[in-house]
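Before I ask anything, here is the structure I am working with.
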Amino acid sequence: VRGGTEETTTGVIRLRAMAKDGVLAYPVIAVNEARTKHMFDNQYGTGQSAVDGLLRSTNILIAGKTAVVCGYGWVGRGVASRLRGMGAAVIVCEVEPLRGLEAAMDGYQVMTVADAAKKGDIFFTATGNLNVLGKDHFGHMKDGAILANVGHFNDEIEIPALERASSSKRTIRPFVEEYRLGSRSVFLLAEGRLLNHAAAEANPAAVMDMSFANQVLAIEHLLGEPDLRPDVYPVPLQHDEDIARLKLEAMGVRIDEMTAAQRDYAGQWKAGT
Amino acid sequence: VRGGTEETTTGVIRLRAMAKDGVLAYPVIAVNEARTKHMFDNQYGTGQSAVDGLLRSTNILIAGKTAVVCGYGWVGRGVASRLRGMGAAVIVCEVEPLRGLEAAMDGYQVMTVADAAKKGDIFFTATGNLNVLGKDHFGHMKDGAILANVGHFNDEIEIPALERASSSKRTIRPFVEEYRLGSRSVFLLAEGRLLNHAAAEANPAAVMDMSFANQVLAIEHLLGEPDLRPDVYPVPLQHDEDIARLKLEAMGVRIDEMTAAQRDYAGQWKAGT
Amino acid sequence: VRGGTEETTTGVIRLRAMAKDGVLAYPVIAVNEARTKHMFDNQYGTGQSAVDGLLRSTNILIAGKTAVVCGYGWVGRGVASRLRGMGAAVIVCEVEPLRGLEAAMDGYQVMTVADAAKKGDIFFTATGNLNVLGKDHFGHMKDGAILANVGHFNDEIEIPALERASSSKRTIRPFVEEYRLGSRSVFLLAEGRLLNHAAAEANPAAVMDMSFANQVLAIEHLLGEPDLRPDVYPVPLQHDEDIARLKLEAMGVRIDEMTAAQRDYAGQWKAGT
Amino acid sequence: VRGGTEETTTGVIRLRAMAKDGVLAYPVIAVNEARTKHMFDNQYGTGQSAVDGLLRSTNILIAGKTAVVCGYGWVGRGVASRLRGMGAAVIVCEVEPLRGLEAAMDGYQVMTVADAAKKGDIFFTATGNLNVLGKDHFGHMKDGAILANVGHFNDEIEIPALERASSSKRTIRPFVEEYRLGSRSVFLLAEGRLLNHAAAEANPAAVMDMSFANQVLAIEHLLGEPDLRPDVYPVPLQHDEDIARLKLEAMGVRIDEMTAAQRDYAGQWKAGT
């Protein structure tokens, strides 16, 4: 039996691209797409660990700063929420209208990266794409701007362009490099690698537990399906509910069960006026 | 050509039940399931108008109160968020583990309705189901507890049981009825009907615009598909994106377009380390 | 015995000015300066009732709007907090550096009125001063901007200048007047009078109870001091603590008492390393 | 010339006790009482660094936890706000009714320490007093409860009582000691010393700058007043305004100046109706 699981957003996008190109060698379960994975690990986990990485690497005061979050997927919304929770005024940048609209209604300022570049004190990329902060932006940033990535690869910040634009570079604290751009400085954290992994301890065990439970159940599921052809498969829905139920129990939280009358009501269409 | 659209969560559940029972007479597009519908109208619209209905009917001070929200679907999470935003300590009750877990990680207290019944000053039902607050709960509530529904029918609060349990009933303000239960009172708002429709002006135009845009486009879509058999159909995905884009424009918010390099990157699997 | 009490911020400022000018005819207790008054009535009371007045007069969706709050005193911070709680992106304008700094660290955007005038969808004045939104600002506002006052007199918005600048004026809903400025409109609520009093039911009883308790105790105190000369006097500190204690009891909230050891520790300087 | 400054809340309380006992040897300026000190350093600084210390020492997920904050002074309110901002459900304990009332209206659950002891996953003391979490509480805590102090001395948690009650103790991570109480464990962080100093980098430079500016100006002030008798003195008001103004400038934030007409209006009592 051969098969695998994938638990990152960008990883799943790429495996789908491989499947489309006919080069995927075995079946893969997209663990990232379990709701008990991406809604929790990506959102609450990385939301917290991004703040943690920022504090461990810089010890700056977040309150009173303008923070820019590029990307309002699960990671981006977690990071935006936690930065706001620590007292930052948060700007969100997006390419998808629906997510941009959601960010606006969640009370964030929404604007283009080009406009945000002039306003931010701290920038986080969380897009899974490349050159989100790039050669057109560095020259417009405030003196002292801090750049960090919590998305995927070290492509999100266009580091080669930053290298070319700067006259010098030096390490001022572990994980903090100062680039001189004329009379101003910008600070790149963790060489544009995932800040929460590099400068903090990555996501807490109390949220990874659900991600790993998904992994284990997905592998067990694959073992029971030896004839699956190479493609990207969703996590069985029941896994999600089971894991959420176990997690609540572990947290000591009790919720209700529907009564028989309620189950019946949910499935019918005659009652009510 | 015959066909229809449905823009409530409970309505769609019931139409699906009708389709399953083979009694649906024509095709229906589930407008509620457009993300530009339920994420906005249900969440931000009803979240606000529930608070509005509460204030218009009672003029109580929300700050310092314990508010209980039954249901953490799109309506429930909107209501919970806005009550917290007005200074309430919010408790969420759920029957689905995943939603209960989400509510807990969003910082709400999560518990059973039976436990919450003793703690709440204000109760909102937002479930689409029946007897969510019922005969087992009224007797344990605090003197002065306020009961309101922003879910669907006036079934969510078990009013017949409240009538039976109380010794008297009187209207003390428009939309506010006092029920005497021994030495205590509970106040039922708007006879358990949708509070935001009864006591306020329902959801604002600035969020209904998207719901109605979905309706119009769905009807136009049905007109182009005269041979569709009776069933419940999703809103075409492109509608969602178009409506979100137009809405952002109307709000004066500008977002980014992916560059060609970014579109290419999003579809490939080789770059990055 | 002659004497009085005053329970507004602006009223106390003016009585102090009268005392300074030697024209105050009898002693006045500055009830507004009781912490159980201004911290609660002004902040939580007006914070809520400002939102209430806005919704009753306009029924706009607050989520996604940019709201500008002029003044970050007790009223202003209450209004800013509640608008944020309803999903607005909030800008604060101030003249006192310390308050401006506090607003920034509370996560608000802080800027001059001239800069904010171009960005706001909704404006609230809460300053107790005059012409805070004035002739230099109206011309730069967005089409559709809404102007409201929850500060003191109808001086805070420079209405004569708005009248002069506009080509026409009409009432479009109760409490909502549209002024045409070239091709744009701005909407003035409640003729610039206190919006929460005009369009809603003013502050809730559950916060006015503390203000009125202060009034009664202040009058009782004055009756016991028949020889007080005309001046503005503070509320006796003990009133504040008594009222807060009674209010918590009425809310059913229990707090701790210091132990004897804790009282002793609080008054000494030797323990601890 | 002899004199000093003091920049902690507890330090000032003790210096006042010394002055009262006639043992204070020289004049001291209570720098802590400058608003640019306690409102910022104590609130926003310690609020953030308490979270930082918690994450560095434990790497737990804050979202979904119940956090108990003992004390709602400037430190306590900062800590409560930031824990809520990271997704905790926060309980506040107080001995002063007014602060308890404020915490309730800020949306926190307010209860006695004895009640909170059973509910908390994480406890922070921020009182400046002793035995706030003590022998009566440890036995009722949940398995896994975490105890930390960000108030003053290591007296706030009654460690001797914890030592006596536990059967064993071991270090499981730097700054984390597990105490076994029957079949349960509680974890004491940093031996009950200031967590933000022990496990993180204390308060950020960007908030200490104001505290230190106050120190320097206070010392300069003392040098100009060589005849001051031993006592505790307030910071001159003008310092506060100057420091706030400079800080805003350093942050690049611009605020308004009152116009001449506004200054005049603020000092008179005739205009307005």
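Going in written order, the chains are labelled A, B, C and D, and every chain counts its residues from 1.
Convention: contacts are C-beta pairs under 8 Å (C-beta built on N, C-alpha and C of every residue); 3 or more make two chains touch, one makes a residue touch a chain.
As the structure is a prediction and not an experimental result, all values here were calculated from the model.
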> Which chains contact both chain A and chain D?
Replying inline: B, C
>> So, comparing C-alpha centroids, which chain is the farthest one from chain B?
In response: D
> What is the distance in Å between the mean C-alpha positions of chain B and chain D?
Replying inline: 40
> Counting in whole Å, what is the centre-to-centre distance of chain C and chain D, each centre being its mean C-alpha position?
Replying inline: 27
>> Distance between chain B and chain C based on Cα centroids, please, to the nearest Å.
In response: 32
> In chain D, which residues are in touch with two or more of the other chains?
Replying inline: 44, 63-64, 84, 87, 101, 104-105, 251
>> Looking at the complex, which residues from chain D come into contact with chain B?
In response: 63-64, 66, 84, 87-89, 101, 104-109
>> For a test of understanding, state which residues of chain D touch chain A in their complex under the given definition.
In response: 44-45, 47-48, 51-52, 55-56, 59-64, 81-82, 84-87, 142, 200-201, 203-207, 251-252
> In the complex of these two chains, what residues of chain C are touching chain D?
Replying inline: 10, 13-15, 17-18, 21, 35-36, 39-40, 44, 93-98, 100-102, 104-105, 110-113, 115, 128-132, 152-155, 240-241, 244-245, 247-248, 251, 253-259, 261-262, 265-269, 271-273
